[in-house]
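If you scroll down you'll find the structure; I have some questions about it.
Labels A, B, C and D are assigned to the chains in the order they are written; within every chain, residues are numbered from 1.
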Amino acid sequence: MLGGGFIGDFYIHALHGHRRPDRVQVVYSRSESSAKKVAERHGIPHWTTDMMEAVNHPDIDTVVVALPNFLHLEAVRMAAEAGKAVLITKPLGRNAAEAKEMLELVEKHGVFHGYLEDLCYTPKTLKAVESVKNGALGDILWVRAREAHPGPHSDWFWNKELSGGGAIIDLGCHCIEIARNYIGKDVRPVEVMCWADTQVKPIEAEDHAIALVKYASGAIAQFEVSWCFRGGMDLRDEVMGVEGTIFLNHFLRTGFDMYTAVGEEDYVAEKAESATGWLFPVGDEVNSLGYDFMFTDMFNAMDEGKQPMETFYDGYVVNAIMDACYKSSESKKWEPVELEDWRGSDEVSGGPQLIEFDKDHYLIKEEMIPDGTVKLILKDKVTGEIIQKIK
Amino acid sequence: MLGGGFIGDFYIHALHGHRRPDRVQVVYSRSESSAKKVAERHGIPHWTTDMMEAVNHPDIDTVVVALPNFLHLEAVRMAAEAGKAVLITKPLGRNAAEAKEMLELVEKHGVFHGYLEDLCYTPKTLKAVESVKNGALGDILWVRAREAHPGPHSDWFWNKELSGGGAIIDLGCHCIEIARNYIGKDVRPVEVMCWADTQVKPIEAEDHAIALVKYASGAIAQFEVSWCFRGGMDLRDEVMGVEGTIFLNHFLRTGFDMYTAVGEEDYVAEKAESATGWLFPVGDEVNSLGYDFMFTDMFNAMDEGKQPMETFYDGYVVNAIMDACYKSSESKKWEPVELEDWRGSDEVSGGPQLIEFDKDHYLIKEEMIPDGTVKLILKDKVTGEIIQKIK
Amino acid sequence: MLGGGFIGDFYIHALHGHRRPDRVQVVYSRSESSAKKVAERHGIPHWTTDMMEAVNHPDIDTVVVALPNFLHLEAVRMAAEAGKAVLITKPLGRNAAEAKEMLELVEKHGVFHGYLEDLCYTPKTLKAVESVKNGALGDILWVRAREAHPGPHSDWFWNKELSGGGAIIDLGCHCIEIARNYIGKDVRPVEVMCWADTQVKPIEAEDHAIALVKYASGAIAQFEVSWCFRGGMDLRDEVMGVEGTIFLNHFLRTGFDMYTAVGEEDYVAEKAESATGWLFPVGDEVNSLGYDFMFTDMFNAMDEGKQPMETFYDGYVVNAIMDACYKSSESKKWEPVELEDWRGSDEVSGGPQLIEFDKDHYLIKEEMIPDGTVKLILKDKVTGEIIQKIK
Amino acid sequence: MLGGGFIGDFYIHALHGHRRPDRVQVVYSRSESSAKKVAERHGIPHWTTDMMEAVNHPDIDTVVVALPNFLHLEAVRMAAEAGKAVLITKPLGRNAAEAKEMLELVEKHGVFHGYLEDLCYTPKTLKAVESVKNGALGDILWVRAREAHPGPHSDWFWNKELSGGGAIIDLGCHCIEIARNYIGKDVRPVEVMCWADTQVKPIEAEDHAIALVKYASGAIAQFEVSWCFRGGMDLRDEVMGVEGTIFLNHFLRTGFDMYTAVGEEDYVAEKAESATGWLFPVGDEVNSLGYDFMFTDMFNAMDEGKQPMETFYDGYVVNAIMDACYKSSESKKWEPVELEDWRGSDEVSGGPQLIEFDKDHYLIKEEMIPDGTVKLILKDKVTGEIIQKIK
């Protein structure tokens, strides 16, 4: 386990929970006190402040990278060269070039690689994606993925050089990959339109951004990310298809409402901004945020010699889309997604399908009106004229 | 009452409800059968298929225009020239030029004019806007207004020439004006980025569109409109401010859930796409969609010689923003909002406010962490370096 | 208007809202300052501290009783003897005997009488009851009506002699009558089982109670009332029928969520217990609590010479059920509802209906199981044996 | 694993999920085909139709009883006599006498025993109970636990002799134990009032029941159970304390809403009654229903030589409360809970606590009213008179 911060802690919690057999053997942190503390808290046999030592430790077959973004490349290089499997937190790189380098490293060295995109593994997302694959929504038209909260925990996130950007790099990577899972990973992301601004925080990076990602199928993936949100963590997805709709709320409204006039002794709820009044706890955060299913998939895939659901290649695509977002927020126009290494399909959608009504008309809409009759909106095949008609 | 269609019916329902004294005296419709039917259903003394006759009827002091978009200008001209007060359904014009002509007509003739933007008068919106004005959210950063359903009732909506466009013209006008109420009508809409596509329906106009409207204060208003939504009518607003958040759901989830295995005899719920299973009726649609408060404001303003909350000028601003949307969806870049007649402020925001922490640092974030200590993210005033510190 | 307190104020607000023509001409209050203040605030021409003067005022044709419970009988007697229509707030009496006396007074004098049971007129309730009448839920099995908040506004509520009881008299009357509307007013309430306790407040009356009311149809109406609830006003109904289910939330979760870190200047939300954090305002309280539809029904009925939906007779039935509740909470067993004057049906239900499956079996349940087959649970008509079978 | 039915399958799913090391070695079912099928599906090495063989199998150290209620005693006796740890599904017995016999068996033989009351282990329940223990709600006043669905899967449930009852035995056991966790397992359940009826199904047992369980602290636990509910599985808990409130929804509204006009190929959602329209799937049913945390607690306790959270003693208390419920539903009055073996406290609450306001008054209520002043409701210590006062 490389990293003794917030995310590393969450990972160890998930890895060691529910009697799982996979154990963290060594923890590395840049700070000695932090490394020691994490090792003690979780009963991890070894700790070190030397990354190379951690990676090459003989008890280690898998390296989990839970480090700040600017250390990803170095850590992946070490792990790949040591021939160890490597699982890495999001985003893969600070940009597509870095991501590509990491992808090439793991592939060159032939090591197992997993992209720890937990939000694609939330129980709701997994079931919703399955329903979409089963056809419950028909062709996907639009996905909205939103992540907004009052800002990250550690200093390096706020520094553009170290992290690679602001809210887009921190949160957009989740949203982009969630949408890819619904739209289909095989479908090419074509171009991007992005607004990004620094509205509240005295920083250089964006603290709020919205983007539209257009796919070759015609589907639009919209992401909304912010470090200025008030009220907790807003983590929602919406999916529209020709035949249906999905709304997911992962955090703030999950069927757990608590009002307390007095708060709790010795306890402050995570990410909640208040300790009294109406609060909305999540029952099992580790499971709800996807960590349980993510590590199950990673280690099962490793055992079975298969690829996990999320790989370095996915991380690379996400970085390429984010690069286009930053470019678009500067140029103020749609920017193409540059993917030198595209492994999916090159099919492009032909637009809406015409539904034949009779030999002269296409059907636009059929609706029952209050008096019980059925009203049709039809289009003349030749003239293009639109008429209404009672069935 | 000019117009015997769906919206005219809704208006009469609201106008004649709850023992209100204001009565519709004449109904005009292009079709005789429709005019007759409406007059009978609502006990209206006169009907006609001659618009001029309706407008100039001696019992009439106020003309309510509930006609298709392409007839708005003609109707407004007649009413203004007859010196009658005129209330008009949304959108004001098919474009800003038409809207400006109508605005000039009512102002030249000095007649009372109201813009029947019902969704700015929903009880939730009125209360939420009041809270925003009372400072509950601090400065407004972002508004999302969404209206999506399976498509409009009448043929003319689907014809770009007659309506002026597609889902933007039909639904975007609502969303734009809702956002203006939160952000402040005095704040100038500066530029627009819009995606619009025809994803499902065999029509020329857009059946799905998303736009970002940037205001001089730095606030972003996002609208999402669609005629391809499945599951009823999705009518939601979200507002983010520096100090708070508002979520409104006007239609699909308002605290009324019904499951029926058998449906109801002789009745089909409006806009609902199914008659059995889980349904989500709205208690009082007329009130929830804003008609009650809208007509109360209009007639009270008229009686008191004041302007109503929504006037033709608002309709004109909305049309100007929609014009920019159509332009942007073609040019694929941000387009300026052209407002020849701007009556608001020209102030422009100076960006984020710096919060002084001590003589050397600005405060970025303060957060209590699980062990109860308070963590600060600070920025050095001189070097710009970002550090974290335990309080 | 008799009464210058909280409820009288709410009534006047509703009566004078939305350009309604019916105006309050005289306001009576026991306190001069309060009478004056209400008259000024609402522009009411006359005020008095002499109830007789108010009732007999020549401009008055309708007396609205918004007084504490212990003054209801006196006010109704005056109004009835003066030959004026009388509308009275809930509960009708402090017990069934008082209620019966009032019912007899208005009937003897032949005056119009309405029972101002606002919660039976909420938009959601009206629509839900209509769906039930249309058969959407089949036969009604169970109704839960719940009203709970942190306690009433005025001193007299807390005094058992003046009010007639505690949370049951204050809130149970609403819940009982809501349930009657779903189950059918024609169906006889047979017996009652009630728990009532004083859990928190230093008073003699109950501050928390739960009761089951059994109807002749076999339906059970459950009410839950409390003055100890924390978090605002919990106002919910649930209805179960053989074919469906209804859940209504009238107040705390209606699609309006607001988070504010700072609160609002000069404003505190009604019944909300906190001014910051997550708050759940109601858009239009007057409409949502039923006042609009209630007064519309009352005055329309008066104009048309019909009975309103809720009359003194309904108030009497409710009081009789509450009497049985108090008796049961003492005796700790089911107590019959004593209705000397029953005007509904005397039909009693024969229990569950047998659904014939084939000549030897009744059908208990049919369910599709995950592998797609249909499983049946059947009962042998002769032996009564229960078996399962794959269709 | 004794039992090859629905619940056994769910257990194996949970036990074998997420790389857990505890494996089912032998599966027993009364039917050969079912035993074989389960063994194959889950890769279990051995299967048998001989319960004794399964229990005494050398690879087995723990017996999991997932059998119909009427086989519990026999299975527990076998396991206890074989000296094996025993985990048993709910309810423990068909009545308290059976439960007590099983409790005595496991204690006499000194074997580890766990009561598989999964709904006390749902993530939401665990976190909510922790908040209650941390004082967030103050003293608990009332718990409502509700479980309702369209009826169980297997024939034996519907047969009173085999199961021990109807909806109370099937679902009430969950609700009772959930409430005990909030109120405190140390607090004695004193008496019970219960209504039970057969409203819809042609069976002898109750298909709908409601009960109030009174505890020595004065708290009331209310359960509502039904096999007649339409719309899926209604699984909700509500908790009221002096200082706060908790609402939990475990199944039908958890932040996952799906509308599908077409349904899914080859898939029908579990317990959902419809395949199209608005559906409300649960992301991870196994986790949400408590199986993950339940088995983790059971096996961790076993490894650490401790008692799990839920033991046979808890099962016995639940059965005793259900016995009182059946008695009360016959006698139509409150019935004492007979607990020959009570291991908790015998403390009884002294009723509401008086809050001193000044030397002459107790405080009943303090409330801010719309004009910003604070209104107090006070009680005279000597006369008991209740007055209101502006602070």
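Note that in this section a contact is a pair of C-beta atoms (placed from the backbone, for glycine too) under 8 Å apart; a residue touches a chain by one contact, two chains touch by 3 or more.
What you see is a predicted model, and the numbers here were worked out from it, not measured in a lab.
A centroid comparison over C-alpha atoms places C as the chain most distant from chain A. Here the spacing of chain A and chain C, counted between their Cα centres, is 48 Å. Averaging Cα coordinates per chain places chain C and chain D 33 Å apart.
Inter-chain centre distance (chain B to chain C, centres taken as mean C-alpha positions): 36 Å. Residue positions 230-231, 243-245, 259-261, 266 of chain B are each in touch with at least two other chains.
In terms of inter-chain touching, the protein chains here all touch one another pairwise.
Within the complex, the chain D residues that touch chain C are 141-142, 144, 148, 150-151, 153-155, 158-159, 193, 195, 197-204, 207-208, 210, 212, 214, 218, 220, 222, 224, 226, 228-231, 234, 240-245, 266, 268, 270, 332-334, 351-352, 354-355, 362, 364-365, 367-370, 372, 375, 377, 379, 384, 386-388. Touching chain A in their complex are the following residues of chain C: 230-232, 259-261, 273-274, 276-280. If you check the complex, the residues on chain D that touch chain A are 17-22, 122-128, 131, 134-138, 243-250, 253-267, 281-284, 287-288, 292-293, 296, 299-300.
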